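Next come the structures, one after another.
There are two complexes below, and they share subunit A, which is joined by subunit B in the first and by subunit C in the second.
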Partner chain A sequence: MTRVLRTELRRSSAGALFLVLLVAGVGLLYSAPDVWAYGWMPVAMAERQYLILLWPLALAAGAWQSRREQRSNVAELFASTSRPLPQRVAPTLAVMAVAAASGYLVVAATTVPWIAHSARYLPTAVFAVVAVGALSLVAAAWLGMAIGRLVPSPATAPVVAVAGIAVLLILTPPVLGGRTWLAAMLSPTRGIGLFSDFRTVSGRVSAAQALWLAGVAVTGTVLLAAGKRLTRVAALIPLLLGAGAALAVIPQGSAYVDSPIDRVAQQLVCAEGSPRVCVSRAHAGLLDVVTPRAREALRLLARLPDPPTSAVEDVNTFLDEHVQPYRADTVMFRIEIGGDGRLLNPDSFAMRMLYAGGMSEAPCPDGLDPAVSIAVAHWLMGEEPPAAAAEPDADIHSVWAGLHALPEQAAIDRVAAVRKAALACGDLAEALAGGTA
Partner chain B sequence: MRSVSAAETAPTISPWAVQAEGLRVRVGRHLAVDGLDLSLGTGVHGLLGPNGAGKTTLMRALATVVKPADGRLQLLGQPVDGRGNLRLVRRGLGYLPQQFGFYPRFTVREFVEYLAWLKEMPGPAIPDAVQRAIDRVGLTEKADARMKTLSGGMLRRAGIAQAIVNSPEVVLLDEPTVGLDPEQRLDFRTLLRELGVDSCVLVSTHLVEDVVAACTDVILINRGKLVYQGTPDGLVAEGGPDDAGDSPAERGYSALLRRHRAEEVR
Partner chain C sequence: MRWLTLYLRSRQAPLALILAAGCVALLWALWSAFSDDRDVDVPMVILTVLLTVATLTATLGGPDDALERTGSLPWLPRRAAHVLVAFAVVVLLVLVTQATGARFGPAWLVVRDAAGLSGLTALGAATVGVARSWFPPIAWTLASITVALPDKTWADVATWQVQPPGNRPAAITAGVLAAGGLLVYAVLGPTRRAPAEAAQ
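Moving on, here comes the complex of A and B:
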């Protein structure tokens, strides 16, 4: 059996499937690294979304593999041998599964050197999301093999590839009567929700997807190994069992949350020493890069009356109710990560923390006056903003020049007024001019 | 026509590896094998007949690839009709189909190994058995060449290697000498004689000379019916100087066929 497995690994379509998945998967992932470079869960979710192409490819590879017997005209010879069909197809099933799963896993593994330096937080849910993706490709390959055996035509592989894409595109909540949970259960590209640094996938959703895909995979194997029409009909049983088990597990209706938040990822991790600087657990790998910049911003803000004494990452998301209050004694900052997995624009990080005198515009529905906000940051940094004729740079420079022309204490009082106005989501320009916020 | 019953002419070694009584096999609506009685034991049996005689259909039925429409067929003592242990029978079979299919990307060794596995040979015994089979057909130097790189004659020899890898009790070779050069045909005859010592070997061929040279028993069928079963010498004795053919055996073959056709017309 070992020798046969080795031979099948070398000579079947398994090698081609592995390479196709690797090339297509890596190509898709690295065409937009900024989508996933900020953590392991985004990597897992991005790869799952790319199943829109990888899944049909595995389906087609399975169908192509099954044509081998017909293409090679070995059916008569093999039919004269004693080994039963289910045993005969087992090595091919095994190597195709290994190729599909390892192709998927290796694509994910290529991101390790890319983001390992910054991505420290590795929740167990990541493994479930990746495992479901790998299982979906195994199911696709096996189902493709079954289809290829039932319809042994050169056109089968390309047709099932196109059909696979069509099925994945069709399995959307609107087509399924608005049942988002059903789309998540049936399609391996669904159930991911919207991307954010603190997104996760519920364990029950992953379990339901795994049960459904296991049903599809077993149906594929039974169809492939079925010699009689009755057995082919019976192949639907595992599919139905998988669907039933998945339905029993997946949260339905209002109980289904499309984009759940990982509270552990949101927990704060703080640097040693003072003043206090904290980032989310999801971004803990960037703490060393953020801390000196955040402390520099806090030092510059210390000139103001009642200055903030700590800097904390803003982990509130638009997917969630605000879990962190916005307070005057804390500078709340966002962490943005570039496609290289590193802090985006680190040189201007401190400057961004000083916008509106260290106040976030996130809680303000209409935002804050950008010219005043940025001009104040430049004044605090002691840097003249670039002079430009057009807005908004012209406005920024104009506001900065006004502040710069004031005596220092007067300027400090104006900036403090801007901070106060920002906390109340008021009019910054009016506060800067000396009016009430 | 001198018609001889199977029981009268079959080799005396028992039990019969192959026993057919009133065997009928259909190819679509056509009755390709029509009421054949045959008993074959250890030895080399040459199966002769013109195109469309039913040779390949008979071979396929004996290889358990097609089901008989009627009659009784026993292989290695087991009925081949769903009542017997077909799996056990197939373990003792070696079959080279007329259209020998193979996986072109496999090497000779890999393909023969794969067939040994399909025949449920014990795993530890497979490597030695494969090497032995490859050596016996003279493909030692090509053992690690891909099947798709082999010439027609080499492919046929690879086909024979897979057929004999499991040391089968019944060896069914359909047109095994197609593509072999004269020297290889001579080697093949030697191989046949060796195989026939322990196994029941049935060789279907158009080449009467191969049968006479290598077989202990000759079976001639026409239109699905048994025309003759006997020794090669008996076949030679059937021919006369006016019969068609370049050799005494071919003349005997032509004579038997001519008489059978005349009988059918009557």
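Moving on, here comes the complex of A and C:
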């Protein structure tokens, strides 16, 4: 059997499929690494979204593979052999599945050296998301092989490729009557999204997707191995069974959560020593980079009356109710990660923490006066902001110059007032002008 | 006339034409049924052009190209004419919808993409073989529709199929592909294959 498989691997389009998936997947992933470089879950989700290209290509490769006998003028000869059809197609099915799945997995694996230095948090849901993606490509290759056998025309492969991408583009919630859960079940590119560092995919949704795709894959094999018309009609049974099982598993209607948040990823991990500095579990790999910078910011804030004593990552997202309270004794900061998996703009990290006297993350509906907020940070750092003529840099510089001209103690009082106003979502400019009043 | 009939029959041109017209008609009917907008979405227009080019791909080679080469006929102008006619058929089939309730346009985008993709297909037929020549246009176009690249000249070249009609780098890329494909296919013709592979 191994020998048959090895021969089939060389003589089928499995190798070509593997290469195409590798090139297309790697090309798409690395055309925008900042989309996924901040964690394993984003990697898994990004690759799933790129199935919009990989899936039609696998479908076309399957359809192309099925015409091999016609291309080589041996279709009639092989049909006359006494070996049953299922036995003849089994090795081809196996090598195409191996090529499709391994192509997808290898693309995912290329990100390991890229982000392993900073990505530590690896929940099991990541493996489910990747496995569903690999399964979807196996289903596509097998379905394509079945279509290629039913319609053995030179135009079949390109037509199914275009039809495949059209189906994926069309399977949107609006087309399905607003049923987001149905779109997530049917299309492997849906039900995921890269809107926050703490997104996840629920186990039930992944299970439903896997059941549906398994139904599609089995239907493909039955269609391919079926010699009789009746068996071909029976191929609909696994498709319906898969759909039924998936419908039973997936949470429907309002029970379906469109953007689930991973609470474990949001939990705080703190650095040893004091003052206390904590980041979310999803960003735990950056704790060593963040801690000295956060402690520097806390040291500069210690000059103020009643200074903050800890610095904590802000894990609240717009997808979520606010789970973390804003307190006077804590400086909140956001962690942004660049396309190389490292902290984005590490040199200005402490400066950004000092915006509005360490209160820039306060949940104010109208935001905070940016010029005052940034000027205060520059004064605390003891750095002159760039003196540009254009807005908003000119504003920042004039506010900073005003603070710089004051005696030390008076300036400290004004910065403390700005900090207090930011916590209460008040007017920063007024607080700055009024001093301690 | 008799030569032309035999040539078209050997290239399975009637079937390819029916397929191409059928694909355009199907997409036209789908848009007419499901949308109230008279102008068809640009991605769908691009996919329609791509599909029409792909269905005509098989006509670039005959059942036995090696035998065909032995005929002492001036093949170069005939091959060039074949590619040009295929391009004209694609443009005509897609742009005929301009007169109807679901317009596949803008016209310049259709002409540019049809020219570039026909050229790419012809180039494929002359290098990797007719049977495989559907792949480069399909993979490149689907990738262009999917990928999001920065707003740079090289990105306009890399995703020329999806650029707006006025984009110069995209037009130049399509022109180079069209001219290159036409020239290479007219001079070289479809690749020679082993006799066992002769029927595609």
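Heads up, the rule we're going with is that the second predicted complex is superposed on the first by the 429 of 437 C-alpha atoms of A that agree within 3 Å, B and C clash if a C-alpha of one lies under 4 Å from a C-alpha of the other, contacts with A are read in each partner's own complex, and residues count from 1 in each chain.
Rule of thumb we're sticking to: a residue touches a chain if its C-beta (ideal position, glycine included) is under 8 Å from a C-beta of that chain, and two chains touch if they have at least 3 such contacts.
On a predicted model such as this, the values are computed, not experimentally measured, just so you know.
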Fit-or-clash call for subunit B and subunit C when the two complexes are aligned on subunit A: fit
Partner chain(s) touched by A:73 [first = subunit B, second = subunit C, both, neither]: both
First, second, both or neither for A:11, with subunit B first and subunit C second: first
Subunit A residues touched by each partner, larger count belonging to subunit B or subunit C: C
Which superposed partner A:1 touches (first subunit B, second subunit C, both, neither): first
Which of subunit B and subunit C A:97 touches, first, second, both or neither: neither
First (subunit B), second (subunit C), both or neither touched by A:88: first
Which superposed partner A:28 touches (first subunit B, second subunit C, both, neither): second
Smallest separation of CA atoms, subunit C relative to subunit B, angstrom: 5
Overlap of subunit C and subunit B interfaces on subunit A (superposed complexes): 72-73
In the complex with subunit C, residue positions of subunit A that touch it: 20, 24, 27-28, 31-32, 50, 52-53, 56-57, 60, 70-73, 153-155, 157-159, 161-162, 165-166, 169
Complex contacts: residues of subunit C adjacent to subunit A: 16, 19, 23, 43-44, 47, 50-51, 54-55, 57-58, 131, 134-135, 138-139, 142-143, 145-149, 196-200
Interface residues, subunit B side, partner subunit A - complex: 60, 63-65, 87-91, 93, 95, 97, 99-106, 110, 113-115, 117-120, 123, 126-127, 162
Residues of subunit A that touch subunit B when the two form their complex: 1-4, 7, 11, 68, 72-84, 88
